[in-house]
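One structure, as structure tokens, below. Some questions next.
By written order: A, B, C, D, E and F. Residues from 1 in each chain.
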Amino acid sequence: MKIKNFSDGVKVEAFYVVKRSEVKKASNGNPYLEIQLSDGIDVVKGRRFDYSDKAIEPNSVVKVLGKYDQKFNSVQIYSLNMAEKGEYPADLFLPKCPKDVGSMWEDLLNILEQYVDDNELKGLLMLVFEKHGDDFKEAPGALAHHHAYLGGLLEHTIAVADSASKLAITYKSDLSLTVAGAILHDLGKIWEYKWDGLQFEMSDQGALLGHISLGISVISIYAKSTIKDEEKRNKLLHIIGSHHGLVEWGAIKEPMIPEAVIVAAADNLDANMFKIYAAQEDAQPGEVTKWDRTMKRHIWVKEKTKDDYAG
Amino acid sequence: MKIKNFSDGVKVEAFYVVKRSEVKKASNGNPYLEIQLSDGIDVVKGRRFDYSDKAIEPNSVVKVLGKYDQKFNSVQIYSLNMAEKGEYPADLFLPKCPKDVGSMWEDLLNILEQYVDDNELKGLLMLVFEKHGDDFKEAPGALAHHHAYLGGLLEHTIAVADSASKLAITYKSDLSLTVAGAILHDLGKIWEYKWDGLQFEMSDQGALLGHISLGISVISIYAKSTIKDEEKRNKLLHIIGSHHGLVEWGAIKEPMIPEAVIVAAADNLDANMFKIYAAQEDAQPGEVTKWDRTMKRHIWVKEKTKDDYAG
Amino acid sequence: MKIKNFSDGVKVEAFYVVKRSEVKKASNGNPYLEIQLSDGIDVVKGRRFDYSDKAIEPNSVVKVLGKYDQKFNSVQIYSLNMAEKGEYPADLFLPKCPKDVGSMWEDLLNILEQYVDDNELKGLLMLVFEKHGDDFKEAPGALAHHHAYLGGLLEHTIAVADSASKLAITYKSDLSLTVAGAILHDLGKIWEYKWDGLQFEMSDQGALLGHISLGISVISIYAKSTIKDEEKRNKLLHIIGSHHGLVEWGAIKEPMIPEAVIVAAADNLDANMFKIYAAQEDAQPGEVTKWDRTMKRHIWVKEKTKDDYAG
Amino acid sequence: MKIKNFSDGVKVEAFYVVKRSEVKKASNGNPYLEIQLSDGIDVVKGRRFDYSDKAIEPNSVVKVLGKYDQKFNSVQIYSLNMAEKGEYPADLFLPKCPKDVGSMWEDLLNILEQYVDDNELKGLLMLVFEKHGDDFKEAPGALAHHHAYLGGLLEHTIAVADSASKLAITYKSDLSLTVAGAILHDLGKIWEYKWDGLQFEMSDQGALLGHISLGISVISIYAKSTIKDEEKRNKLLHIIGSHHGLVEWGAIKEPMIPEAVIVAAADNLDANMFKIYAAQEDAQPGEVTKWDRTMKRHIWVKEKTKDDYAG
Amino acid sequence: MKIKNFSDGVKVEAFYVVKRSEVKKASNGNPYLEIQLSDGIDVVKGRRFDYSDKAIEPNSVVKVLGKYDQKFNSVQIYSLNMAEKGEYPADLFLPKCPKDVGSMWEDLLNILEQYVDDNELKGLLMLVFEKHGDDFKEAPGALAHHHAYLGGLLEHTIAVADSASKLAITYKSDLSLTVAGAILHDLGKIWEYKWDGLQFEMSDQGALLGHISLGISVISIYAKSTIKDEEKRNKLLHIIGSHHGLVEWGAIKEPMIPEAVIVAAADNLDANMFKIYAAQEDAQPGEVTKWDRTMKRHIWVKEKTKDDYAG
Amino acid sequence: MKIKNFSDGVKVEAFYVVKRSEVKKASNGNPYLEIQLSDGIDVVKGRRFDYSDKAIEPNSVVKVLGKYDQKFNSVQIYSLNMAEKGEYPADLFLPKCPKDVGSMWEDLLNILEQYVDDNELKGLLMLVFEKHGDDFKEAPGALAHHHAYLGGLLEHTIAVADSASKLAITYKSDLSLTVAGAILHDLGKIWEYKWDGLQFEMSDQGALLGHISLGISVISIYAKSTIKDEEKRNKLLHIIGSHHGLVEWGAIKEPMIPEAVIVAAADNLDANMFKIYAAQEDAQPGEVTKWDRTMKRHIWVKEKTKDDYAG
């Protein structure tokens, strides 16, 4: 049961990640353990009385048996055992995309079918999907702020490709190239992030090289074997390299071709739309504005909810 | 005949704007007039021999009779007369949108019909069109850089409204509000610019107040008589006030609602796409890159042309 | 009695805003309430023993009867009752300007009399005072940082108008226009803020449109009926629109006329002087410097006090 | 006679600085000299026929005898001789403050008398005037943009001290300290600039150290002998060191005491007012706006003139 | 014994600085003191039972007798007495450079001997060492972030002079001048900081004037008596004044001569290298990256330790 | 003969690039050609009389026979013929490094031998030299501002590797890794630039992808076959990717390891030292300061010359 669904007196029996713990002295003079338990989303306080052991290391996983007491907003713990990897599902504590990965993957294939007519680009995409499709389906879209859940990369990619295809048609840019660039723009996140632990983390090469550079290095190899036209290859890599829009935002070059301008605009828009809907979801009823640190502004909230996020 | 179409020996008989003029002494000791003539787009040198008058004031309009000599890339002038307002069409020297204003206006009405279901917003738009439709059709979109021609405001507005409508559907924002905001976002340019002279200019109130503030002041008055829901009014004005995206780019507030995020993105994209296609058009054959001062980057040019600008 | 005046053993009987509360278990096993009480300025901890109810919602108003115990820096609460609006003065928890509103209002009228000779501008100001004088007297000058109390807008306006009048005389700018602009520069704050709750808040239109835009929209309407000279109207609105000095600080245009340069300088100076005197007041005896987040610097403090703020 | 006063056929007999010169071949095959002559303010073209010498070095001073011909906007030169230092007044080509230096100096002494009550500060100022009064009267206020003429430092200093004294009274800051700081804030310019050549230049130590650092070094020595109170000395030097307002504008510290905030505001205001009135003066009749590179904005100009600069 | 070396049951008998203290009520109803004790590096919690006094002022020094209990990570205090200045060494709580001051001082003299051939510069340095050598040996290099310990100024100065000497040889800049500038670049910190209290603090003149301005004022006086060549003096002072590299980082001028470019580069490098090694030292085993607020980036950490800091 | 060595009456017989040309009418009524000729460094005016052809396209190469006339600072042309590729050396108009390429290459190999002990890194470098050594020797270091001549990349690389090796020793960073990173940091410029025309140009992939991204893509492939240790590979690529120091200066990541901090510092220093010595070389005798657009400052110049550039 998720912490946010706890009600008074409910029986608690689940795995949690320990956030903090401290041994304190109770009124009867006996030591007890005060602990903070996380289910990956929310945190709740717990107490284990008559506890003679030492405090538990943060980020340990424990199996807890106990009862939730609403007045003290705390779990009274009857039994507390350390859990090893393997006792619980590997992604138990990682947030997941609310949408179904299987159907999102089909959406992506449909976009590819519908818009990428160029055979070389199509060949490149199929090769990438064959080699890295599984990771593409799993990877988070970010460590925080937006699409920070399993499947988030896929969800974000579809949204960007969808908008980019429409804008490419409006502005008569090269449709195959625009959509192929949109599909691959964040591919490097597969190697930038790790999602095999208790939380999302940067990989070593992610920290040192970043997803833009990692994506370009990998895709440039595949592109050499699938795309003969050097100009097309350079343009595709340019779309990936420039999708952050400005050098000071991490672009290796600022968008210099129509296709890159479109993908950068669609990427920026999707991140902002995600954040604005998320800010609305987090707002308390009646709240008017909320400061968003990454957008550096308040979001105006009245009645919309996250269900409306269509990205 | 436009200057760019001059061929050797062609007879020249037209109105021009004087850019510079100087009285010089010829090899025979007689004074002659050297003059630069503009047709609003290009400039050509001219010479009037045996000229005993003083130099001509810049920005005078003259009627020229002469012959073009290709070797010296110069017009030999036989007769040169000052022209008064009224002798030539008022907009003779102002650049015009390559698209037909009448059919653009129908496009805008179609967008209104198709996407703005909300009756109050539709009523506001109809009122604005009734009062200011003629200016809306004529106004330039900017003084320079993009859409800087008669009809440019209309062309730009349609492009923004078109993209915004698509993105509103993708992201399930309020469609009526998004499109109404897109249609009105630059309305203030009607009062910011003047287009009754030899070139586009800022008006006094444009210089002192800017189009965002001018637009909000006018629309807030019309909105009070057509829209009862205060929240809807505030949101519409917020879209207009925030469409420059960032305060440092002139927004009075940064976009705080989904509809404003979309309009600001569509506006920014259209300006950039215009500039990128224009940079391509200006590039010489074989040129690879070109520095664009307003986009602060080079544009990469191979084969595209301005005909592709679809905004 | 204000919290800052509590002494050991003093009887406490007053209304407070609850900031946080938690039900804890006492040494005798009984639950007790630990609560943080605010009088709008300071916060003090309180304890209500043998408390069997649930925790109290933050931002509730309670009536407290108890005794202050200095050793534990805490109020021992004997009785604690929820208070409804109406039981206590509406502005009980809102900070007030240390100066008398009535005499400040007279000061403002005197400034108007003394410096605004232009009849049209005087007419506009009288109309604004008639329509919005009551709000002008009440509104805070900001939500935080400076003049964040009832009457703060008035106090700040007088200070700016006073400095601006002197500088206008020194620099021979248009005195009527400078002072009228100074008096109206922040008028939009009347609609930007709300002061009918437990603390100052942004209104919806304040959040979406900001006080500069709100001020311009309102004043432009009044100005049309009182000022015939369009240039004078535009200049007045320009002073209001440019008083933040730089676009990146929220100005819609940067000051382009002498009168606007003066009002922007006087406004900036008054905010800084307020903050510097406030920083001195907050400093502990013997403290040398203090970092001020909004001025991005330390303030050097030796002996001055807030009583010296003359704005 | 100043170049701007030339009329057709007038006899020209004066010293000029050569800006450019080129030997050209006339229609009769003979070489002639084409030359640009400056009187320190304006530039006019000249021609010396049958000239068999080589071109003249730029920045040479020449004595010219000739006649002005309006049609060709050029001086026909009859005699042209190189002039040595000593033949013409040393400051002939340097612009001068339109105000009388003697009466400005009395204004400064009056300000000192009226506002600087503190005996130590008065003693310091008298010592500085005694040692450096002559330079203080001569030095320009800047190399360009504002107060860039002999006497400009004095004119600017008086304006800043005047405004600062008024603001100090309004804000009840330490009046002696504020005004003493205002009088000394730009003293270092005496050593930063050189005004013994054909134009204003940076000195070596001005280029390497700047006027703020130069001023502090000199004044700190005088202050040690005249001011016993270390805190007073530090505050005075802080006013000088912080008067550029922000570190990125060259302040060694940002203003941390009320007196420094006031002097920085008065200094900034005076520079801006000078530029805004100068922009108005330079504007052609009927011109509406003009881009000012140092203020990064257009100035709005209708009827005001530079005569109004009261600094 | 340092707090980081505490083991379970160890006897504690030492002076500590009180960080926070609060009187609480124990389970037996008696008040007890909960206190946070600092040894200048780490902090540990302590409890004094049956404590009837009031809480202790933060930043008091106390002499503690007690026992460390690992389970509660707390010191059980048997006796607690206020300590007066003089009872404990003056620098007891100030961090010290891990290197020996005496041998660092010899290193500095060796650098002087080896690289500063110019007799005037050598004379200036010897004079500075004679007058201010003792402070030079003691002063911290900063209040925080890097070299924030006694002897830190000396350690940093040696590192900068060492790198600067090598780069001066590579780039053939004036070796004497480069190294003399490096040795003196931060001299002003002697007057900017105070290290006679419980922690490092800014002095009054440090807060108001900063170490660059203080250094220049002092050194310019000594330089006048030891260096005849004005150009050499100006260059030396320029190196000191420009060593922060950019005006926005506090330089009074940006480096304009080769020697100043080198010293600024060496200074910046040493600060960054210190921080990067310190970040590595602070990182937990297995940690990959760590955000560094002053360098505005993550540091990548695998196996290196602070022992490698060679500055 | 180079244009800068022309003396009066000297015979001119060489290839030049045409910069501009115009057909003018001489005093005898006959057309003549006025032309600007460049030898890749300087430009001189030329005249070809009795010229009945049309003007010559800019950037054509011509063979000129004529005579230099000092009084008119112009070449009198007797014969003028278009030159085809092959008639003149391919790099005739490209500037060359003043140092010998062969001996620079040996310097680089020596640095490799002396400092890169790690066998894997040495293997990688040898492989790169084998594959791309010829281009490495020829490539310019930049298109403008610094090292903008054939051999410039090599010269700059040696300077950076030399400084980096010394700093690595001082700071005990990994010497092999630091120096290998320094040698490879700008390798991508081989593909970023083209030097087979009349002037240096960006290649297509250089314009679209930049040298940092191009370098990483190529080196990551070679590194996979020569370096087994993934951490070493990532660190090496990180040095290359971060060598611009800040993201806003084009770094893909800011330096996160000691070796990258050193290489970025050495790279920045070498560019600045080059520019400062070049500014000194360009200065006229007696000139004191000169504004440098890329360093955003004046350079202080007295007696040094470019011969001192040791990079």
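Keep in mind that, in the parts below, contacts are C-beta pairs under 8 Å (C-beta built on N, C-alpha and C of every residue); 3 or more make two chains touch, one makes a residue touch a chain.
This one's a predicted model, so the numbers in the text were calculated from it and none came from an experiment.
J.: For chain B and chain C, which third chains touch each of them?
T.: A, D
J.: For chain A and chain F, let me know how many angstrom lie between their CA-based centres, rounded off.
T.: Centre separation, chain A to chain F: 44 Å.
J.: Whole-Å distance, chain B centre to chain D centre, using C-alpha means?
T.: A distance of 41 Å separates the two centres.
J.: Give the residues of chain D that touch two or more other chains, as numbers and ranges in rising order.
T.: Touching at least two other chains: 27, 204, 207-208, 231, 235, 238, 253, 256-257, 289, 298, 300.
J.: Thinking of each chain as a vertex joined to the chains it touches, would you call that graph a line, ring, star, complete, or other?
T.: Topology of touching chains reads as other, fitting no named class.
J.: Give the pairs of chains that touch; include all such pairs.
T.: All touching pairs, sorted by chain label, are A-B, A-C, A-E, A-F, B-C, B-D, B-F, C-D, C-E, D-E, D-F, E-F.
J.: Show which residues of chain B lie in contact with chain F when the two form their complex.
T.: 27, 70-73, 288-289, 298, 300
J.: Within the complex, which stretch of chain D touches chain E?
T.: For chain D paired with chain E, touching residues are 204-205, 207-210, 212-213, 216-217, 220-221, 230-231, 234-235, 237-238, 241, 247-250, 252-253, 256-257.
J.: Contact residues on chain D for chain C in the complex?
T.: Against chain C, the touching part of chain D is residues 159, 162-163, 166-167, 170-173, 231, 235, 238, 253-258, 261-262, 265, 268-269, 272-273, 276-277, 289, 295-300, 302, 304, 308-311.
J.: Within the complex, which stretch of chain B touches chain D?
T.: 22-29, 31, 54, 201-202, 204, 207-208
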